[in-house]
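Before we start, here is the structure in question, set down as structure tokens.
Note that the chains take the letters A, B, C and D in the order they are written out, and that residue 1 is the start of every chain.
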Amino acid sequence: MAHGYLSDKRAHLARLKRIEGQVRGLQRMVEEEQYCIDILTQVSAVTKALESVSLALLNEHMNHCVVSAARAGDEEAGAKIDEVMAAITRLVK
Amino acid sequence: MAHGYLSDKRAHLARLKRIEGQVRGLQRMVEEEQYCIDILTQVSAVTKALESVSLALLNEHMNHCVVSAARAGDEEAGAKIDEVMAAITRLVK
Amino acid sequence: MAHGYLSDKRAHLARLKRIEGQVRGLQRMVEEEQYCIDILTQVSAVTKALESVSLALLNEHMNHCVVSAARAGDEEAGAKIDEVMAAITRLVK
Amino acid sequence: MAHGYLSDKRAHLARLKRIEGQVRGLQRMVEEEQYCIDILTQVSAVTKALESVSLALLNEHMNHCVVSAARAGDEEAGAKIDEVMAAITRLVK
């Protein structure tokens, strides 16, 4: 089940831990009924942080899985690119 | 400090609790080195969930703060709209 | 049919004229089979320019229509905010 | 200067022609001072259409340039992926 992106695994986990903390911070802000605009600003920060995680994961996926598939043959390449394009489309929308 | 959006407070907190769980799920997926594309799909789901929280908070802010400011006078209205437009701009980018 | 945002009408039209020119530039780039990444960069520029038009139109709408509706009564305010929230949701997605 | 994506060239040009027409339609809407929300809806439609052009171009770029670079060697692959990741990042933001 290992997919060979161990290199940045620690970095991804650290980012996700920080995002978890930010989401708990959002709960506190809502609990305390802080000002809506301040909460919205913080939600935007979390969204940006998640976007960075996505782009980092995508970068590794391209460098490992897409490159390997391209070298394995046309069919493998085509399938892998269809799959990654679907993921990019979900990211963009 | 209360800003009068208690009506949906429980709903916001429930959503944010669920998002916190999803972020912990993402950590588990990275920890277990699950397939990148599956993790990306899950990150997109969390981003969509945060987007819904933003839109719900924005909706309440418009119905309460922006409406009150509009009724309080032109200056109050102008200031509140500048503020909410900045928040919307952050959401859109 | 006039909706009272004449103030910035010239500015909106100038922006849209420039965007039309950028879209024609994109056609030329594709016609000449220029490098994909350069075309993508230019498409992103057009998208950003359209986003600015949206935010400028939304700003005027908030300052005029939403403020007037808020002053006209709760029902008018609610209807106008539902409508503008639907537009913001389309912008964000 | 040809970059080998002639296959879909006609389709890209047809899409961009239609987008040009939509942008001219937006100018007419502003000129006639049509309702802001209707103009915003139309701007969102143009943005979605441009997004589709981007994703189609990106798809071809992946299938041709990225695959070729992957086969040419690690250095070529790395450079091409850095470049396409920068383009995807601009698309996502």
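The definition used in the following text is that contacts are C-beta pairs under 8 Å (C-beta built on N, C-alpha and C of every residue); 3 or more make two chains touch, one makes a residue touch a chain.
All figures in this text were calculated on a predicted structure; none of them were measured in a lab.
A.B. asks: Express in whole angstrom the distance between the two chain centres, defined as the mean CA positions of subunit B and subunit C.
C.D. replies: 22
A.B. asks: As a quick test, compute the distance in whole Å between the mean CA positions of subunit A and subunit B.
C.D. replies: Here subunit A and subunit B have centroids separated by 18 Å.
A.B. asks: In subunit D, what residues contact two or more other chains?
C.D. replies: 51, 54, 58, 84, 91, 93
A.B. asks: Quick one: do these chains touch in a line, a ring, a star, all-to-all (complete), or other?
C.D. replies: If you draw each chain as a dot and join those that touch, you get a single closed ring.
A.B. asks: Would you mind giving me the full set of chain pairs in touch?
C.D. replies: Applying the touch criterion to every chain pair yields A-B, A-D, B-C, C-D.
A.B. asks: Residues of subunit A touching subunit D in their complex?
C.D. replies: 51, 54-55, 58-59, 62-63, 66-67, 70-71, 77-78, 81, 84-85, 88-89, 91-93
A.B. asks: Which stretch or stretches of subunit B touch subunit A in the complex?
C.D. replies: My answer: residues 1-6, 9, 12-13, 16-17, 19-20, 23-24, 26-27, 30-37, 39-41, 43-44, 46-47, 50-51, 53-54, 57-58, 60-61, 65, 83-84, 87, 90-91.
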